[in-house]
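Chains here go by letter, A, B, C and D, matching the order in which they are written, and residues are numbered from 1 within each.
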Amino acid sequence: MMDPATLLAVLETTLSQADADVVESAITGKDLIKAGALMGAGICMGFGAIGPGIGEGFAAGKACEAIGRAPEEAGLLTRTMLIGQAVSESTGIYSLVVALLMLFVVGV
Amino acid sequence: MEHIGERLIWNYFPFTNIPIPGGGVNVLTIFNTLVVMALLWGMMWLGVRKLTRVPGRAQVILESFVGLFDGLVTSSLEYPTRDQNRKFLPLIASLFMFVCLGNFIGFLPTHYFEEPTADINCTMSLGMMAIAIAIYCGVKAKGAGEFFGELLGPMWHQEDATGFAKLAGKASALFFFPLNVIGEVAKVISISFRLFGNIIGGAIIIVVVSTLTYNTFLPIGLDLFFVFFVGTVQAFVFTMLTLTYIAVAIK
Amino acid sequence: MDITPETWNYIGRYVGASLALGLGGLGAAIGMGMAGAEANRAMMKQPSKHSDLLRTMLLGQAVGGSPSIFALVVGLLILFLPVNESTSGMVFASTLIGAGLAVGLGCFGSGVGCGFPAAQACSGVARNPKKSTALTSTMMIGQALAQSPSIFATIVALILLFLPTPSVGIASAGIAIAAGLSMGASALGPGLGSGITAGGAVKGQSDWPQSRSITVRTMMIGQAICDTPAIFGMLVSFIMLFTLQDLEVSIIGFSKVMAAAIAVGIGGIGPGIGCGIVSETSCEASAKKPEHDALMLRTMLIGQAVSQSTAIYALIIALVILFVV
Amino acid sequence: MVTINLTMLVELILFLIFLWGTQRFILTPVLNSMDERNDSIERDIEKAKDDDIQSEELELKYRHEIAVIRRNADEELRAVKQKAMREHSDFLQQERINAETAVEEVRVKAMAMMEAEREAVLAEVPELARLMEAQLTASARISNNGGSH
């Protein structure tokens, strides 16, 4: 494992090799915190969206199957499906809230 | 292609130095909204121009459209009488027409015509209106107490609970209430960004592909898919979601 | 260690080509394997139908193999693209890696997805060999539509390879990788989901062949909605490629684009698959009861729209990261 | 790209105006006309149903009358037919009797003729016998004479 100082040094070398004259200042700890918050928000929302997406798909798929069997109960089944999806979407909303918190509270 | 996703903003009233409050207006969005509405009124006027017992072609089209949405509203809301269902018909029908033609108008080969639905302001205002109407209908159908009581979570209304269980049920509202409120806000965001993202995505793909081919050919296939197919489907999804949110709120 | 631009070129070529060919070929291989396994199972049950089954299987594998061909073309371009002296170095390497990521991940999803309709077509042909022509054409329509995310990914990869990325120092390296990642990862889920949809449609049609047109219509609309996360990913990658001239030239700019790419890219996988599951069952149900197709279509649209909302949250987070923070 | 500004409010107001205008000037007249047509069609259907019932009654009545007429006609026809049959059979009877009488006469006559013939033949029989006996005797005598030699 690299210790943070070496990591910073490597990053600075990379930066200077990329475009030497644009780099003006070294990376500070505040920059790292902000970068970490940004990455954290991205990872949080990205991976947090997988589960609810598939789960809501299952709920809606079963609802479609049930409506195919009993079309006269369509209204009730649609409402049940929406409520089930709303509940399984809560984890997605947690991810959204946490990501927004990271962006606007932690990473400022 | 640096102009991708940018809208023309007027910060001042035309020919003056008076600034427009609220950060200016996206003038092309408003212009295209007016164009779409004028086109829709014109087309519908052809249908209602001379209403006859035996309808002409335009009247047949208009009437079958209205009849389709009448059936849709009736089967979704399931009010007992026809007039109660009919109250929502103008909202649903004009929402679909506006969004659908708004998605199509970017097809016209001038860059003065850009989709009003590819502006987040337009879709957000429609989405907020839809959710506001759903909440209003819910409050009217159930009463404010019951409607907002549902936001406090399932454990708030426990009749048989006593002591600590009851206290815990009441305390759970601290957790559920913000979540449900965020859920309502998320409805607005998801309904409006779905339309916005799909339409602006399609528009940008068409712009990029035609720039890559140096505008030597019009990407007809892409236009057919992104503008007409996705446009119609997304307009229908927007309308159906509005209708379903209202139907869930009143029951 | 001495890192010259030449080293970066080689790193980019090898990593990019291996990503493109490895991931893209892997998906198509899994899909073809599914088709072959189903064909074998069907042949074991009905050995007399072996010629029909063999034809269907080969056709399904041939059409379902085109994502891997996209991956092959882009991979060869990555390996042998002439070096542009002005961008040679780390930015050039990351363009190649970005193109490899885009086409590799995107073709992985579509490649696996194309296996579902091929497998269902094989078992359907074994059950009902007289309807094999109609079944095969439905399978090919489904596979062609399930390949649209991989076509988006190929377009983005070609743009990455042939257009200069915005020159903003280290951030342009980040932009290239991030554009590839957001497009590729977000095309993975929709490709799989469209394939699952097509599989459901082929299964429904093989059981109830008389309602073919309704099944195909439901399938096409379902697949169009499945593609929404891929469109979001493409939107974000185009925004990154064309509009980020004033990105911070620091680690913050780099992590901005990477975070946006991870959010919209990985966030598109789940909703894509979920939408596919919805339209799969709804295709089967509307094939079974074609008289209720309008109701089925409506329920499917609502279910898919709601299960996409997490992809929309991911898009919002990506846009907030790029434009607001 | 995602700037939110005054446009949102303007869009909302524009859409509300559009909604109002569509409801007021388009949908209300169209729905009224559709309802009117539906009502008139329903009325027509009711009327048609009434007419249908009426026509069915009339048809029943006519069918009854036709049945009565047909029954009368049938009876007349049957009577006429019976009469004709009777006359016919009487005539046939008469003819048959006549024919039988004639046949009987002829038969009696023929029988008488046959009897007469038989009588005549029988009368000739003894004469013939005597003749044959004489011939036989003569021939026997000739053979005896010849045999003695």
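In this text, a residue touches a chain if its C-beta (ideal position, glycine included) is under 8 Å from a C-beta of that chain, and two chains touch if they have at least 3 such contacts.
If you're wondering where the values come from, they're calculated on a predicted model, not measured in any experiment.
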Most contacted chain pair (by C-beta pair count): A-C
Centre distance in Å when chain B and chain D are each reduced to the mean of their C-alpha atoms: 76
Approximate Å spacing (C-alpha centroids) for the pair chain C, chain D: 78
Computed distance of Cα centres, chain C from chain B, in Å: 28
Interchain centroid distance [CA atoms averaged], chain A/chain D, Å: 90
Residues within chain B bordering two or more other chains: 5-6, 75, 186, 244
Multi-partner residues of chain C (each touching 2 or more other chains): 239, 243, 295, 302, 304, 306, 308-309, 313, 316, 324
Where chain D touches two or more other chains at once, by residue number: 1-2
Contact graph of the chains (line, ring, star, complete, other): other
Which chain pairs touch, all of them: A-B, A-C, B-C, B-D, C-D
Interface residues, chain C side, partner chain B - complex: 152, 155, 159, 163, 221, 224-225, 228, 231-232, 234-235, 238-239, 242-243, 245, 295, 298, 301-302, 304-306, 308-309, 312-313, 315-316
Residue ranges of chain A touching chain C (in the complex, touch as defined): 11, 14-15, 17-19, 22-23, 25, 27, 31-32, 34-36, 38-43, 45-65, 67-69, 71, 74, 77-78, 81-82, 85-86, 89, 92-93, 95-96, 99-100, 103-104, 107
Touching residues (chain side chain B, partner chain C) in the complex: 1-2, 4-6, 72, 75, 186, 189-190, 193-194, 197-198, 200-202, 204-205, 208-209, 212, 225, 229-230, 233, 236-237, 240-241, 244
For the chain A and chain B complex, residues of the former touching the latter: 74-75, 78-79, 82-83, 86, 89-90, 93, 96-97
Contact set on chain D toward chain C in their complex: 1-2
